[in-house]
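Following are the structures in question.
Across the two complexes that follow, chain A remains constant while its partner is chain B and subsequently chain C.
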Partner chain A sequence: MNKAVSTLMLLMLPALLHAQQLNLEEYEVKAFAEMALEKVNALSNNLTILCDKTETAEKKEATMMLALKLFIDDRQTVETSSLNSDEVKYERIGVYLNRLRTLPYKQVTVKWYDVQYVSKLKKGTDGKYYATITVFQEFTGFGPEGQILYRDHTQKNIDIVVDMQTTRIGDKEFESPTVKLGSIKVIQTK
Partner chain B sequence: MMRIVVIGILVLSSHLTAEGQIGVGVRTGVGLTTMTAVKSEPLKVVAKPGASVGLFGEFGLISTEALSVMFVTEVGFEQKGFRYKDADGDWVSFGVDYIQMPLVVKLAIGKKRLRGTLEIGAFAATPINAFARNSYGEKDRGTLKNLTRYDVGAILSGGLEFKLGPGALFTTIRLAQGFVDPYGKKLDGYQVNIAPSISLGYVARFGKGKAVETAQREVTAVQEEIAEVVKTAEAISEAVLEPESQSEQTNAQELKVVSGPGNAQAAAATSDFGALIQLNKRFDAIADPEVDTTTRTVNATEVLNQFIGPDAVVILLKSGVVVDYYSISEFLRYIELNHFKYKITDREVDASGLMSQIRVHRID
Partner chain C sequence: MKPRVILLLLSSFLFGADAQAQVNNSLDPERLKQNVKDFDSFLRRFNFREDPMGEPIKDTAYAYVKVAGTDKRINRRMVLPFLFNQELLLSKQQLCQQFMDQVLKEKRTLSFFDTDWYVTQQSTVSHKGAEQKVLFSLQIETYGELGSKFVICGLDAPFLLPSSPYNKDRLLHPASNETSFITLNAALEDGPHFRQYLPRTYEADALTALYMEVLNGNHIKYLHGNDEPQYHLLQIEGWALIVKHFIRSEGPAGWLIADLMRVTDAEKELYVRDVLNVRAERR
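Let's turn to the complex of A and B:
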């Protein structure tokens, strides 16, 4: 009997693990794809605020919180590069966002443009949906006199994931498919 | 008699199918069946393990976000029986295989992927095979003729189901209590089957459930369109209610008279409509980079005052699909920092008139 119960549980296990598979309809995939673009644009706005030396610490703190909410979790990484080095470094998203607030320039501007999908949302073997959005970033660091000390243009790819997420607001929990940003990788810098 | 029952089930099923979602499923399980004595000295019996397998159909009766009520018909194979010690102290095992047809009402409770289920109903069964075997391995297959040709009883079960694909994976613990003595007058007293079992299965669901989701999405899309119309109406009403000429003033007064003293329901609807317009205007002001910080802060405070608290829920929609959740305080920050323009699609208000949840969609 014990053997029968154990066998039954073993038979159930893969099915239970499989239970988190998403099956999105086409209109849902489209909606999440639109939301992913909105989140990338939101991140772009957030980066601008975090770099802006004229913004208040309170506003930057609120921006940090909102920016982190765009990502799957705080373990996602961001690759960074420089024209002064061939090395591509990476750091966790929280560390990266915090570092933007303290860059050694009088003023910093980060502009993202040509935001577009390089691979559309498709279902992966693990049941989640994945896509990649590419952005072109213009980073400019200004000196005390307003002169440009550093400027580069970097193409970056952002991982997009749609997965079941539990969102907690106050004492309520909502479980639903949610689109989040993943790690950000450098493609090229010039 | 059986033909009447079958025809009755088919007629009922066809009617119910028209009312709601239908499902087809399979279950398999193991149980420990035994007999209980009702009007005799209890037999000193022990349980005998048995297997079961069944095919069933589900017919939706009621379906809300948190509760589904279904009618379930099933045809299954069930192994029942028991073991007992005879006068010589040797174990004798009785096994009876039944074709069993349960009819149950099933409740599925919960609105997440994991739901609890409760089934209550009855079953009818007929034995198709029986045997008696002693501890020496001697088997008598001639016991079927000694059995009552039918059994009826009650079913109670509880379990869990996990949404998976087009249906759900489920597990249930079921108790089937027979009311008929399988051995009639051939054994002393009066005994009945009792069969607790655990089952695992899958049900694929089709039809109106998906249609309801689609309909809800379409309703939301229509609500979004209405919100667009409201936006246009705002612009028109602003133009009408801020007239520059005397004749325009008169027209505006006439307009106010028409919309003013209606019945209570109309007044409430007008008030609700006005509140939504006002709230949308405040959202616009908060998201507008041209508006100064003080005005944005005042508008944010006014908005928060209309909610139960900073943790009131904001559900973001795209084409009627829920794509994200924010608290109202986070949402106001989100639209302020990003200059994203959102409009309210609908709202939930508590007894004190404060909003506990709103659904919004992007308009720019």
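Let's turn to the complex of A and C:
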């Protein structure tokens, strides 16, 4: 699905956002999933930069700010797991992003499987719409010589929220829906 | 036909032996499509609005699933067994069959916005510096077009309810009435023994205790959920279902019926009170 269709969906959503649960058509679900996935992809690009030892501290700082803006707020929790341990860690998003800078890899790649699943949007009493996106990720950490030090495949559930954003152009205000990420939960790691 | 037999036949009918052999990895993309990925998906499959491959169903009576390039026709009776954990289907075959018969006969469906279902989340909190286990019971509360939210309706948190052994010396003596209960003064300052001044039938409620802890800013902090939540579905007359998450590389996986009980309405009341720790009136 191209960006134009996603944008069109964004424009259509205000009219749709009145029911308690959105029963979207298949193409609408796909468009919404596309919007959510754009955010998830942006996050994985930011994660790659934060882990990259060749990037400057300034670029990492700016990337961290960008990554935080993808989330509803900085109170969101990230659950992390590893093949090396049964322990599951829980960190606030800011702490998690900061920790990525200290991972012992020269570079990392974060790839997504071509399988995603977005649950139905449900309206919260705060007027926002909530859903969960299920994604499947391959994480690879490379050593100084480019050798693979660590690789895992993880199924994750990510909270997403659709909120209205007000944009001011001249003396006019426009409202448009915006997709933000929430807490991230690990379902399984292989 | 027995549910187990149906399941075995259906597996080969729907997915074929080759497909089954390929999907031996729980993170295999093909297998992920078959998983009941979330509770919404469980409800849609129960209501025959989503097929076993995760695709939406337009017609309520039957649907077609594509297997090895061929369309195969399925109906609700054929796919309901896929929503049961296989161990349950094996151990309670007759009961599962009776349940499915009733659901099919009554054309019973489930909605996320039904009132009589609960979800429990086993969690770890920190209380005054010590880690404690808590079982939260939650329920969806709807506000018409305004939307909905989960509310905490029950709690099992023994550490919030310290035990207080019987002590005959702690009392409002039987002549207190003549002095306008001036001894209430001592009772309210009797900290850990305060339970002795309450009726013997009094049962402290952990949710109220948590409410007071939070209100008073005492040191309670949510740390994390210990495992996946469990769903307790009581909205079908005569039945209670428990839905849990199963990760496995073969057979049905994801959110499945883990237990099924035939219950009366009075037993449901007890279940809500004693298992889910809900003190408020059942909706």
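Definition applied: the second predicted complex is superposed on the first by the 132 of 190 C-alpha atoms of A that agree within 3 Å, B and C clash if a C-alpha of one lies under 4 Å from a C-alpha of the other, contacts with A are read in each partner's own complex, and residues count from 1 in each chain.
FYI, a contact is a pair of C-beta atoms (placed from the backbone, for glycine too) under 8 Å apart; a residue touches a chain by one contact, two chains touch by 3 or more.
Remember, it's a predicted structure, so these values are computed and weren't measured experimentally.
Q: I'd like to know which partner A:42 touches here: chain B for first, chain C for second, both or neither.
A: first
Q: With the two complexes superposed on chain A, say which partner A:155 touches: chain B (first), chain C (second), both, or neither.
A: A:155 sits against chain C, while chain B stays out of touch.
Q: Between chain B (first) and chain C (second), which, if any, makes contact with A:96: first, second, both or neither?
A: A:96 sits against neither chain B nor chain C.
Q: Quick one: classify A:139 as touching chain B (first), chain C (second), both or neither.
A: In the superposed model, A:139 contacts neither chain B nor chain C.
Q: Please work out whether A:71 is in contact with chain B alone, chain C alone, both, or neither, and reply first, second, both or neither.
A: neither
Q: State whether chain B or chain C is in contact with more residues of chain A in the superposed arrangement.
A: The larger set of chain A residues in touch belongs to B.
Q: Figure out whether A:119 sits in contact with chain B (first) or chain C (second), or with both, or with neither.
A: In the superposition, A:119 contacts chain C only.
Q: Counting contacts the way the document defines them, which residues of chain A are shared by the two interfaces, the one with chain B and the one with chain C?
A: In chain A, residues 18-19, 21 are touched by chain B and also by chain C.
Q: Within their complex, state which residues of chain C touch chain A.
A: Spelled out, the residues of chain C in touch with chain A are 25-27, 29, 32-33, 37-38, 40-41, 54, 56, 112-113, 142-149, 223-224, 247.
Q: Could you pull out which chain A residues touch chain B in their complex?
A: The contact residues of chain A facing chain B are 1, 4-5, 8, 11-12, 15-16, 18-19, 21, 23, 27-28, 30-32, 34-35, 38, 41-42, 45-46, 49, 59, 62-63, 65-66, 69, 164, 167, 169-172, 174-176, 178-179.
Q: Quick one: which bits of chain A touch chain C in the complex? Just the residue numbers, please.
A: So the residues of chain A touching chain C come out as 18-21, 26, 77, 79, 88, 90, 113-115, 117, 119-120, 122-127, 132, 134, 136, 153, 155, 157, 187-188, 190.
Q: Touching residues of chain B toward chain A in the complex: what are they?
A: Those residues of chain B that touch chain A are 30, 32, 49, 112-113, 162-166, 169, 171, 198, 200, 217, 309, 311, 313, 316, 318-327, 330, 333-334, 337-340, 362.
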